[in-house]
Amino acid sequence: MVLSVAEKSYLYDSLASKPSIRPDGRLPHQFRPIEIFTNFLPSSDGSSRIIASDGSECIVSIKSKVVDHSIENDLVQVDINVAGERDDSIIVETLSSLMNKVLKSNKGIDTSKLQLTKKYSFKIFIDVLIISSYSYPASLISFSIFSALKATKLPKLVSSFDDLEVEELPMFHDYDLVTLDVNPPLVFVLAIVGDNIFIDPASNETEVANNGLIVTWSNGKVISPIKTLALNDRYINGFNPLLLKNGIKLVEQYGQNIADALENL
Amino acid sequence: MSGVISVVKRHGDFQYSVDSTNIQNDEDEDISMSDVDIADRKLSKDNDNESGLQIVTPGELVTDDPIWMRGHGTYFLDNMTYSSVAGAVSRVNRLLSVIPLKSRYSPETGDHIVGRVAEVGNKRWRVDIGGKQHAILMLGSVNLPGGILRRKSESDELQMRSFLKEGDLLNAEVQSLFQDGSASLHTRSLKYGKLRNGMFCQVPSSLIVRSKNHTHNLPGNITVVLGVNGFIWLRKTSQMDLVRDAPPGGSTGATSSQRSTAGPTGAVSLNPSITRLEEESSWQIYSDENDPTISSNIRKTICRYANVIKALAFCEIGITQERVISAYEASMAYPNVGSLIERETMESIGHDVLNVEKMRGNAN
Amino acid sequence: MNVQDRRRLLGPGNAKPIAFASSLEPETEPLKAEEVAKKDGIPSLSIKSDIIENCNGSTLIESDEFSIVTSVYGPKSIRGSFTSQGTISIQLKNGIVEKYQTNELKEVASWLVGIFNSVVNLEKYPKSGIDIFVNLVIDKTNDISKLIPFIVMSTCLALVDSGIEMIDLTTAAEIDGNVISFTKGGEEIVGFWKDNGDAVFNDEDFTSILGRCKEQYINYKSLMVNYLLQGKKK
């Protein structure tokens, strides 16, 4: 979105003032409301669709496959598609690199929860489709992946766990399903304007942000990856090192609220 | 949820079980078999109807009579005309078209609109007005610095970007329409021109009610420009706005805003003398500088207005000055402006606005 | 073509500026590789600028562990609609060994763009593009976080070599996987990168990491300044 010079300077002054005034009056830690649909794709093990109040929309589908984990050690695969962008465009590659790091790090998805037997594991395929996005979609994607994984139900194993000696493939119950119990990390996008920092910047806020932060949160703690993110190329500038700490504290403080809100629907 | 985020769980339209979709298909078949009867009934019913208004949905059969010419919003399959949009059927002579309930803005001459410059071209700006095509603002249709009587020179052509550049917001009037339906704008009045000192927000153009006046002074020292195209500009009330809205000889102030729509605004105060126009037509009208004295209270009030306008749009309530004010008053029950973005809050504000209108007895 | 462009008188494509015989001693000394002594954990670096003929600026930084070549092309005019300021694009390339995935390199590249957008004086270059290519020729570190400080350094020096106007010299420092890029003598952060490990940001650790990074940054920066000053003297 292109804004006029006067608009930008008005927004900048509002956001940089103490206390900051966000264009929609939100508090620094307040998110825009979202709507979630889960398990609507009949052919996947879990799915979710999030619509943000600005019209950004993201669909995630979770599929699974039984693999021999001694051969295949990559048990999570994330694939991101953005409508209107080529697969090798910067935004798609950057997001998929980020989400791979988030989910595959040792604090990401606990792969022991995917293990079926001593030999076999589920491999999960996470397909993300961003239908429309008006601000940097990292949070949207991670929220969708979170709620899709929380809604994922996998077939129940009926054969024995110890199958090293016996040559048998895992057997599953005909209709019983088990909820996948994983705690994927959440990704937060923060914007820095002047000496203020706030969560979930809307598109007009990103236009005037001096810098941005991507912060990952899991189980009450801030984990890596953490990085700065250029939200625009006009206002980008250096920031006070203390803001980095403040941003991380903000996420640490409110991360659990988000996780609870996404989980207890 | 402690005010951090509000998450609503919804059930989608495509969340059918396999059985229910089958049932649906059956129903569809039934309809298609008896299409002709239904269509006949509809047409006859429609003829009885005084208003002649028939609302159709996409894919609905409008008529099976091949004599009708097919206009916008319809498609033709096997000698039958179906609607391709949700809207009202319009019949002009033999031309059958469906006017969509919600669509991109279609400009009409005289509309007061807010637009954003998309492109600087040869002697013209292309302006995004949320329509199907960009509108055109000719260099000859703007006031240039130096007054109304100034000749346009080649140097003006070369420095068009110093008047209006990409991204700039302006309000203008639709001067005329081209053959293809795109608009030609003009800003040759002091009430039009570059917009400053405020914030932009956008609603569907179908929600803006065309009225005599689209610039309103609101309580809280805020002025709103409700562009007919759904682009809305909220700004700090300027001296100009106060003069414009003041009844002749009467007192100024926000309280007069209620009367101003009824009274003959515009005519009296919008005709400043030539000298005044020359004064105003300095370079300042194209300045990008905001008023440095916008207080944080004004900024908060602007946020509140932007949120209540979004709430009205969320409830699909037509946006007028009275309703914006009434929604603003209703929103005062929520001291935290940020809580106005929650769905329940927006709904309750919408209800309040409609209730107030019912009590006043002017609800339709 | 717009009016402004029609008025610009362009010479033939192969026109060259007139070259007068230099009355001074010709500059005999091309910038030569410079060895910097190893101190306080800084690996010994060899920096060499102006190594590629057909680009506007280039820098080679080498140590025992890596070798990075950065070349800068631009500012050059870009096609398409008007832009009021310059646009930077950065591409990272693997060396002979395909060590990093392309999407990771693109992620680093877009992160670097953020840093250089804040230190390059882009307002000076409307309607222009600056293309930067970073080639990781040799890399034995196996950890992009360890390499980033030198990528930032070489890009910054290549930009200096190309004569593009910059607001500040920037470089980055790396401590325990925390990469911080500073400007204004360490007063401000322009980039932060952390790929692995927990964020232990209680006040004490944060201050200590920040302090150590700042110290490293100041060392690196004085190294860059020394190098640039020496190049100037010759």
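General remarks:
Note that the chains take the letters A, B and C in the order they are written out, and that residue 1 is the start of every chain.
Rule of thumb we're sticking to: a contact is a pair of C-beta atoms (placed from the backbone, for glycine too) under 8 Å apart; a residue touches a chain by one contact, two chains touch by 3 or more.
These numbers come from a predicted model, not from an experiment.
Relative to the whole-protein C-alpha centroid, the nearest chain centroid is that of A.
Two chain pairs, B-C and A-C, are compared here, and A-C has more C-beta pairs in contact (counted per touch definition above).
The distance from the centre of chain A to the centre of chain B, with each centre set as the mean of the Cα atoms, comes to 35 Å.
Centre-to-centre separation of chain B and chain C, using mean CA positions: 48 Å. Averaged Cα coordinates give chain A a centre that lies 31 Å from the centre of chain C. Residues of chain A in contact with at least two other chains: none.
Across the assembly, chain B contributes 165-166 as residues in contact with two or more other chains.
Multi-chain contact residues of chain C (touching two or more other chains) are absent. On the chain B side of its complex with chain A, the touching residues are 1-12, 14-15, 18, 116, 165-169, 194-200, 288-290, 294, 296, 299-300, 303-304, 306-307, 310, 336-338, 340-343. The touching residues of chain C, when paired with chain A in their complex, are 85, 87-88, 101-104, 106-107, 109-111, 113-114, 117-118, 122, 177, 180, 182-184, 187-199, 201, 203, 206, 210.
By the touch rule above, chain C contacts chain B in their complex via residues 2-4, 81-82, 84.
The touching residues of chain A, when paired with chain C in their complex, are 88, 90, 93-94, 96-98, 100-101, 105, 107, 211, 213, 215, 221-230, 233-234, 236-241, 244-245, 248-249. Across the complex, chain B meets chain C through its residues 119-120, 122, 154, 157-158, 161, 165-166.
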